[in-house]
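Each of the next two complexes has chain A plus one more chain, namely chain B in the first and chain C in the second.
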Partner chain A sequence: MQKISRDKLIKKASNLLNSGIVRCVLGWKRGEFDYDITPNVFTTEKELIDDFVWNDFCGANLSKYLVSKTQGVDGKILVFLKPCDTYSFNQLLTEHRFDRERAYVIAVPCEGMADINKIKQITNEGISSIEFNEDTLSISTLYNEEPIKIAYDRVLSERCLNCKSKKHVVYDELLGDDGEILESNRFDEVEKIEKMSSEERFEFWQGELSRCIRCNACRDVCPACTCEKCVFDNPESGVENKASANSFEEKLFHIIRAYHVAGRCTDCGECSRVCPQNIPLHLLNRKFIKDINEFYGEFQAGEKIGMRSPLIDYTTDDIEPNEAVNRRDS
Partner chain B sequence: MVKFSCEKIDLVFAEIAKTAALYIPSNDKNNKAVFTKWQKGTKLCDSHNTQIGPKDLFFPQTEDLMAFKASNKKIEIIDTRKESEDFVIFGVRACDVKSLEILDRVFLSEPRDSYYAMRREHGIIISLACTRPSEACFCTTFGIAPSEPGADISVWKINNEFFWQANTKRGEELLLKIEHFTTPAEPSEVEGEKQRISVLMKRLPLANLSTNGFGKGKTNELFEREEWAKLSEACLGCGTCTFVCPTCQCYDIKDFNTGNGVIRYRCWDSCMYSDFTKMAHGNNRNTRKERFRQRFMHKLVYFPENNNGLFGCVGCGRCISKCPVSMNIVKVMKKLGGNV
Partner chain C sequence: MQVNEFKPLIVAFCCNWCSYAGADLAGNNRLSYPADVKIIRVPCSCRVNPMFVLRAFQRGADGVIICGCHPGDCHYTSGNYYTRRRMTLLFSMLDYLGIEKERTRVEWVSAAEGAKFASTMNDFVSKITQLGKNKRLEDLRCKK
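What follows is the complex of A and B.
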């Protein structure tokens, strides 16, 4: 369960709204059930009281919305950011996607977000309500007399189990106490894949990517994907395709995307969260991050505003381009 | 009506698969149900519904339409259609059965789509009554009864027995093929289960959602409603909702240059995409709001307008569980229709 209460967030936002410091509030809005939360722009205290939520399902990273929501209107937007979201925020600023002055960042400490898919693997369909307790979720369903109690750790989303940082790297105000940068195990899975033979690895990715339905949700949610016109949407680009005609195209889309966000991906995990086909896209990005760390020294995109990624920065110490091949073959 | 005990299901599947390709809902390695081509060892899963409906088996995400080959200043046109083989789909829920009726209206009305028609002619559909609907199900809003799933054969699973009821001639023929596994049953034996399902449906969280305010003749009333701006605010413009939807039917036709010719294929398209129906003069829906509105107006107003009141949504709830920002047709209906 989240330690900071919803009320505290609402109070903070209402004060800033009512005093005119911010024009509106970018937050999370409750849905039909207890877990289907929608990013939303709130403009009044009443809207906040009626619909604002802060709970274990506020996984959506709000930073990318600042690109569109700061356009064409004046005034500051209050945005609530979890620790991982602040890295995306910085990365967007590094790429000049919006104006820092237009955002009022409230940093919200995060205990990790739950994954509704993991919950449904345990409870099955038919969830009628979810009660949030300290270390457990209590799930009532249409089919069980008693609520099902699930330990929080069991249903934490993958990215939260491997959280890289509980520290907010940017904010105007912090609620509660800030956390630390963590030693995570986020490269363990990548290492497993690296150890596979090339045939096994090919098979692994073929198995995953062949399920892709080219819905583009991974791209559209990604804070590193902010091109005004993506090559895949541009009939003139020559690579535009709405569906993968064959398994080559299937991989082409993902390979191009992974390369394009390399050095800029902060590992926020949104791509894997939204994929309707449960494809572990974060593993592609983490492979790039791991390689960058090994080849150029530790680098975390979004850690500071204005940092240059090693991939666009040249130093005479840079490793030779064939190093990756040498390592793979040795 | 016939019945047989659940243990025999693999034998029944094996029998059907002798003469036709058979697809059943089975879990993939992530434990998600997908229609899978049956082979020895493929296990029927007890999941409530498949991730994506059976649409793909009739209207594939990509399919080649024809090919052109150029040589010596001549262009040869090649028919790439493969003779469609007979196939059977087992375990189709009532919502998805209805979704095919909606697709039929589009593809089988003149000019008839021969690609789709061919697959429809060759496909036998065995439905399956729902035992455990999801919280996101709202098929009853559109008058669909999961207790009477329909199609060529209706199936109920009650305790340890399957009950199969043929509804069409093709269904009857198929029942004859599996005759030696079944014993006769009375329709009264499934009455209790039908009752149970009907009662259950009334308890679902979306049970009271109504279509009031939508349908024929509502275009002018709904088109300019100011709520569209707010409703579409969080939408990412991805294609998830359209691609997981069993009734979304739009496609694009493209040419793939093979070097010495062209393969003309079609693939699913999404009205949520910025280049959807792009024409020489540009796009007719330039903003996210307009594209978002199109998807819901199509299902709730334009489709019924052109199809005697038949709505273009079957309440399967897939867009509800799959949208990355949890925005969906139910939220649209509640906001614009004013129902609770």
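What follows is the complex of A and C.
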């Protein structure tokens, strides 16, 4: 369960709203189900009291919404950011996507977010309500008389199990205590794939990527994808539509998507979270991050404002492309 | 004797200032390289967006090679240093997805290296011929 209470967040936001310091509040609201929580803009204290949500399903990273919400309106926007969200915030500022002065960042500590798919594997479909206890979730479903109790750590999302930082890299105000940058095992899965043979890798990715339905949700949610015009909407690109003849053709989309954010992806994990087909997109992003770390030195996008991405930088003795690929096999 | 009918389609992106001139020199010196190599002239190797490479494969290339000035000799001072990083990450990703790593290559060829141009192309074409048709990166959306 999250340590900071919903009430505390509402109180903080209401004070800032009522005193006129901020014009509106970017937060989370319940969607159709208890677990389906969506970003929302609140403009009054009443709206906050009625609809604001802060719980283990507030995975949505709100930083990207600042790009559109700060445009054409006056005043500051309050935004709640979890530690990993603050990296995206910095990255967006690095790319001049909005004005720092327009945002009022409240840093919220995070205990990790739950993955609804892991929960459904235990309870099945038909979840009617969710209750949050100290170490467990009580899930009521249409098909069970008694609520099913599940320990949090069993249903923690993949990205939170491999959390890279509990520390907020930017904020105006911090609620509670800040955490530390963590040692994570986030490259373990990538290494496993690297160790496979070329055929095995091909099979593995064919299995994963063929499921893609080209909903473009991974692009839409990504805080590193904020171009107003996107290649995937261009009918001339050859990759704008769903492949029809061979489903693995979708790989081109995936290479292009991951490459477009290489050196800028903060590994926030939003793309994998929103994918309706549960495609492990983070394994593509992390491959780029891992290669960048290995070839050009440790780099964490969004750690500081104004950092130069490794792809718009070079040294005169960088590794040669073919050598880099061959080295892996030796 | 078994006859190998397969003729690969090779796309070679060549920078105007070095490698394209190197190809010219190879021609002037009557050094031969296979006609299956289709040269696309670019102002600098760093003009090659990674998408160009994917696009070439999508449209049926069996191998893609990018040639530019030697590091330090780029006509625009540093273009090929960026090329080097970009292609390193791209090639590594393609390899990670299980695409044969022999299908992509970067070579630095100067205007004076006509012989190197010809031998590089001969070598690349023979490797791709051995590998056979590009199946893993083809895209039937773009095939005629």
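The working rule: the second predicted complex is superposed on the first by the 307 of 330 C-alpha atoms of A that agree within 3 Å, B and C clash if a C-alpha of one lies under 4 Å from a C-alpha of the other, contacts with A are read in each partner's own complex, and residues count from 1 in each chain.
One rule holds for everything that comes next: contacts are C-beta pairs under 8 Å (C-beta built on N, C-alpha and C of every residue); 3 or more make two chains touch, one makes a residue touch a chain.
Note that this is a predicted model, so its numbers are computed, not measured.
Asks: So in the superposed three-chain picture, is A:Glu194 touching just chain B, just chain C, both, or none of them (first/second/both/neither)?
Replies: Once the two structures are laid over each other on A, A:Glu194 reaches chain C alone.
Asks: Where does A:Ala243 make contact in the superposed view: on chain B (first), on chain C (second), on both, or on neither?
Replies: both
Asks: Looking at the overlay, what does A:Asn278 touch: chain B (first), chain C (second), both, or neither?
Replies: A:Asn278 contacts chain B only, not chain C.
Asks: So in the superposed three-chain picture, is A:Phe89 touching just chain B, just chain C, both, or none of them (first/second/both/neither)?
Replies: Once the two structures are laid over each other on A, A:Phe89 reaches no partner at all.
Asks: Thinking of the overlay built on chain A, is A:Leu142 touched by chain B (first), by chain C (second), by both, or by neither?
Replies: first
Asks: Given the touch rule stated above, what does A:Asp291 touch, chain B (first), chain C (second), both, or neither?
Replies: A:Asp291 sits against chain C, while chain B stays out of touch.
Asks: Considering only the touch criterion stated at the top, classify A:Asn40 as touching first (chain B), second (chain C), both, or neither.
Replies: first
Asks: Is A:Phe98 touching the first partner chain B, the second partner chain C, both, or neither of them?
Replies: The answer is neither, since A:Phe98 touches no partner chain.
Asks: Which chain A residues contact chain B in one complex and chain C in the other?
Replies: 241, 243-245
Asks: So in the complex, which bits of chain B are touching chain A?
Replies: Contact set of chain B toward chain A: 28-32, 48, 51-52, 61-62, 132-136, 200, 203-206, 233-234, 236-240, 242-244, 252, 254, 256, 265, 267-270, 273-275, 278, 320, 322, 324-327, 330-331.
Asks: Please output the residues of chain C touching chain A within their complex, sorted ascending.
Replies: 50-51, 54-55, 58, 71-72, 78, 81-82, 84-101, 104-106, 136-137, 139-142
Asks: Note which residues of chain A are touching chain B in the complex, please.
Replies: Where chain A meets chain B, its residues are 31-33, 36-41, 60, 65, 121, 124-128, 142-143, 207, 211, 213-217, 219-221, 229, 233-235, 240-245, 273-274, 276-278.
Asks: Using the touch definition up top, name the residues of chain A that touch chain C in the complex.
Replies: These residues of chain A touch chain C: 193-194, 198-206, 231, 238-239, 241, 243-246, 249, 251-252, 255-256, 258-259, 262, 284, 287-288, 291-292, 295-296, 310-316, 318-322, 324-326, 328.
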